[in-house]
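Same chain, two partners: chain A is paired with chain B first, then with chain C.
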Partner chain A sequence: MRAALILATKDLKIELRSKEVVSSMFLFSLLIVIAFRFAFAEAVDSGALSLEDLAASSLWICFSFATIVGMHTSFAKEKDRETLEGLMLCPVDRSALFLGKALSNLVLVFIVDLLSILFFGLFFAFDYDGHAVEVVGVALVGTVTLVLVGTLVAAISVNARAREVLLPILLIPLIAFSVIIPCVTATRNAIAGELTESVRDIVSIAGFALIFGAVGYLSFDYVLEG
Partner chain B sequence: MIEARGVSKHFGRRKVLSWLDIRVGDGEIVALMGPNGAGKTTLLRILATLLEPSSGQVIIGGGDAREDPIRTRRLVGVVGHSTYTYDDLTALENLRFFWSMNSMPRRDFQRAGIEMLRRVGLSHRMNDRASVFSRGMRQRLAIARALIHSPKVLLLDEPFSSLDQKGVDILTQILMEERSRGCSVLIVTHDVQRIAALADRADILQGGRIARSFDSSAIRRGDLDAGYRASSEAGVA
Partner chain C sequence: MRTERVGKYLIAVSAILVLLTTYLAIFYVPLPATSVRSANDILSSLDGNSITVVGFIVDLKVTPPPGLDASERINFTLADFSDYQRYRGAISDGVLEEGWWTVRPLDVLAFTGGWTGPYLGGILSNGTNVSVTGVVTAGAVGPNSAATGFHIGVSGSRNVDIGTSAAEFSIMTAPVAQKIFYFHMPSAWICYLAFFVTLLSSVFYLKTRNPKYDRWAFSAAELGVLFATLAILTGPIWAKQEWGVYWRWQDTKLTTTFVLWLVYIGYLMLRASMQEPGARARVAAVYGIVGFVTVPMSLLSSRIAPLLRSGHPQVIATSSGGLSPESGLTVGIAVVAFTVLFITMLIKRVEVAESEEELEELKREVGGEA
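Entry: the complex of A and B
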């Protein structure tokens, strides 16, 4: 899958120069963490709301937003700048285009994941009870799934007229049950040091990653011809 | 070699191509002309595998284009309405990307990329981003991009647009070089004068098929000029 790597490298190089996508994803997550910081400071201090719950939920809001913003741009940018056809003219399997886009999206969203985890820790002076590594691990597994679904949906909606609307409408219900709910639970358990209780969640998230990955990989021929 | 046999294409109920046959041999330059909306771009997109014909067969380099699209794409170089280049990459990086996507050997790129940019007259700007290029420079880069993997077949949709006189001369020179290399060239253009010096044949697309064809001696006699004018006067297809 050399072509996928070449495509991902190209996307990341362009992103490194323009910083268009990461900067908007980054601002979204910063905004969410700040808003939560001020909305829930008292509830957290008084013990009415546990920081674990708040961390798990707000982090996944950040990650989902980052995904939606990032996915939207990945194909829309190629389409709007009329380079998508140039990609389609390359003698590579369409599935390589899917993998390449998913890979560059994964890198970008995961960077924002790490930043969000860092921001939350800083703003709430929270060290994830020493389980930050597990939190990052859950974030990675969940993000892989998010990005695979997101890349597929972004490609499906890129030719639609109202794709800005279509993408979240298709994407949010798909990810709500397959990724967000199990990931929030797993993240909370990870912070509590009980990740072993979430093994089933994680297996199911990874299972969805496989399913969506396979669907994207196999169907991309038809998706892009649209 | 480019060959289309009985190609039809309709969009909804609008029939654009019907039972079209065309053939461009190795080392041949064919001009595809015809009124606006005749279906020239549509035909080029079908030949380039960007569009599926409703029926009919396309053969590129001896193989069926639909059966093995990847092989076909490796053989084909396309200059389309847009340049397919990335603004945030330099001229050389753009070429390197398409070079690699065509599985060309990485170590040979530096020489080939610089040589390609020299041919289109952009070597002095090779490390500038495409975003700062003028329209004509972008068109030159698009030509370089289409040629970077040494295609056996060239499909060009109004490639002279926005080129200055020097650019036109450069492209003419390149096309003659490619022809002597054995490349099959199909070039959509409205410019009778420019193509007269270059084409081995001119096909006029009208009513969904090749309505008339002029060989090089007919072109030189000036028949194409009159014939093309007549077809254009028939109005928008």
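Entry: the complex of A and C
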């Protein structure tokens, strides 16, 4: 556990100095928000699409794609700078590497979540009907699951040839039912102030976090080897 | 040498079984008279009974064509045409006498006709095949005129009449496309089985590091994708006739199966983009284990339908009577046939994988670039 914390601190320290990942993730997610603003301009202006629905769905598209960008860098950078071998030589459990990477990714993605929520609100002049705190809460729960499965799949795809393309191909089917659908429902309910209706969604997201976390924790040994 | 002979027998047996399934499906099994009630059955069924009405829309009384607005809600009532006209007339005249007409409010459990959910989606039109299943919540059976057809009330003044005569309800059978079921269901079952084989072989590979298990995992996944593709392609042939559309994104069974297919396509792509055999086997085994999460989701999705909205028929052990003896026999033979076929193909595919590896080995020995 201590090793995981040290690894996470190392990653975050690098990030604090370069601000490379968060800025690219954030820009990417900002662009998605803007793309949505343009694509749905007419629908939103005419009232055919409510801002509540647009917020719930576009925010989770932002989070998912930002995660893909962030996860990719998380291992690809280590691989390209040949520091992955160094990490693997550390006399600690590989499972600790998984937890450390997941932890640092969680912090980074969650920062991007917060910025996206803020900027979506600013761009659309939308105050989440006064339930921004609940929306952030759902984002945190969903992001935990997203990051656990994302870290594992990023480590799986890092050795492949077409890793940039492969990561979303491997990740999106896995998060479709475990994260995106329940999170969008929960976010919509949160904005409507009916988060209690989404208890089942939250439990299911947390359940998937447990499954993916357990599989990642147990199998990371095999993913990073040789 | 020995395995090859076994393979030959297996190929012959599976070919015969698949042909037998085809024969039985086409010539032996009658089309089920599923969920069809005669008009009189519907009118005389008791409160609280679940009834299903199947028919064609013969008259869609919609003022602004085409179809119905997405916002319009169906208030499900079943009524005899002629009585319903009297009922509406009585409402507009303000002389509503209770117990005089036949209007039966339904607590709707399922509605098919290219549409799910509480709102109409503008898909209904004259000639659409619809089926409504619901529990009769109140029986207002009045003087029962000869039933001429049925009527579903839609909010406002727009109404849908289904069927034209009592006879149309009593002779209704499932569409011919229902026969595809004897190939659809076994394909789906085999894809679950294949992915389970992938899961087990992946776990064994990680435990023992014997490349044999990696070949099994890969071969099973490839065949699983093949059978999942078959299941996904045969489903819409039936759905088009039964539901009126090829695909429904609202249906959890369909979407979870599609996601399952994507996961294992990803598995194959992951393998294809890695060259070093050891690393490929390790990493693919882990993804084969993670990806299996989607199998129970797809397998159970129509079983927990109330939770997740699925209009996909449940096949095994449902409370609603289930299969006729003929169709039970055919399904049984179909499942055995596909299982034998799968085992045969799996053994052959593993042999091919072994030969491929041998070839690689030989190339390396000769000294050329592999």
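Here are a few things to note about the model shown:
Going forward, the second predicted complex is superposed on the first by the 222 of 226 C-alpha atoms of A that agree within 3 Å, B and C clash if a C-alpha of one lies under 4 Å from a C-alpha of the other, contacts with A are read in each partner's own complex, and residues count from 1 in each chain.
The criterion applied here is as follows: a residue touches a chain if its C-beta (ideal position, glycine included) is under 8 Å from a C-beta of that chain, and two chains touch if they have at least 3 such contacts.
Treat the numbers as computed from the prediction; the structure is a model and nothing was measured.
Between chain B and chain C, C contacts the larger number of chain A residues.
In the superposed model, A:L170 lies in contact with chain C only, and not with chain B. Contacts of A:E85 after superposition on the shared chain: chain B is touched, whereas chain C is not.
Once the two complexes are overlaid on the shared chain, A:E225 sits against chain B and chain C alike. In the superposition on chain A, A:I211 contacts chain C only, with no contact to chain B. By the document's definition of touching, of the two partners only chain C reaches A:V149; chain B does not. Looking at the shared chain after the overlay, A:A162 reaches chain C, while chain B stays out of its contact range. When both complexes are aligned on chain A by C-alpha atoms, chain A residues 225 touch chain B in the first and chain C in the second. Of all residues in chain A, those touching chain C in their complex are 149, 152-153, 156-157, 159-163, 166, 169-170, 172-174, 176-178, 208, 211-212, 215, 219, 222-223, 225-226.
By the touch criterion stated above, chain C contacts chain A in their complex at residues 206, 255-256, 259-260, 262-263, 265-266, 269-270, 273-276, 278-279, 282-283, 285-287, 289-291, 293-294, 297. Within the complex formed with chain A, the chain B residues making contact are 48-50, 52, 70-74, 76, 78, 80, 82-89, 93, 97-98, 100-103, 145.
The touching residues of chain A, when paired with chain B in their complex, are 2-3, 6-7, 10, 13-14, 17-18, 81-83, 85-93, 225.
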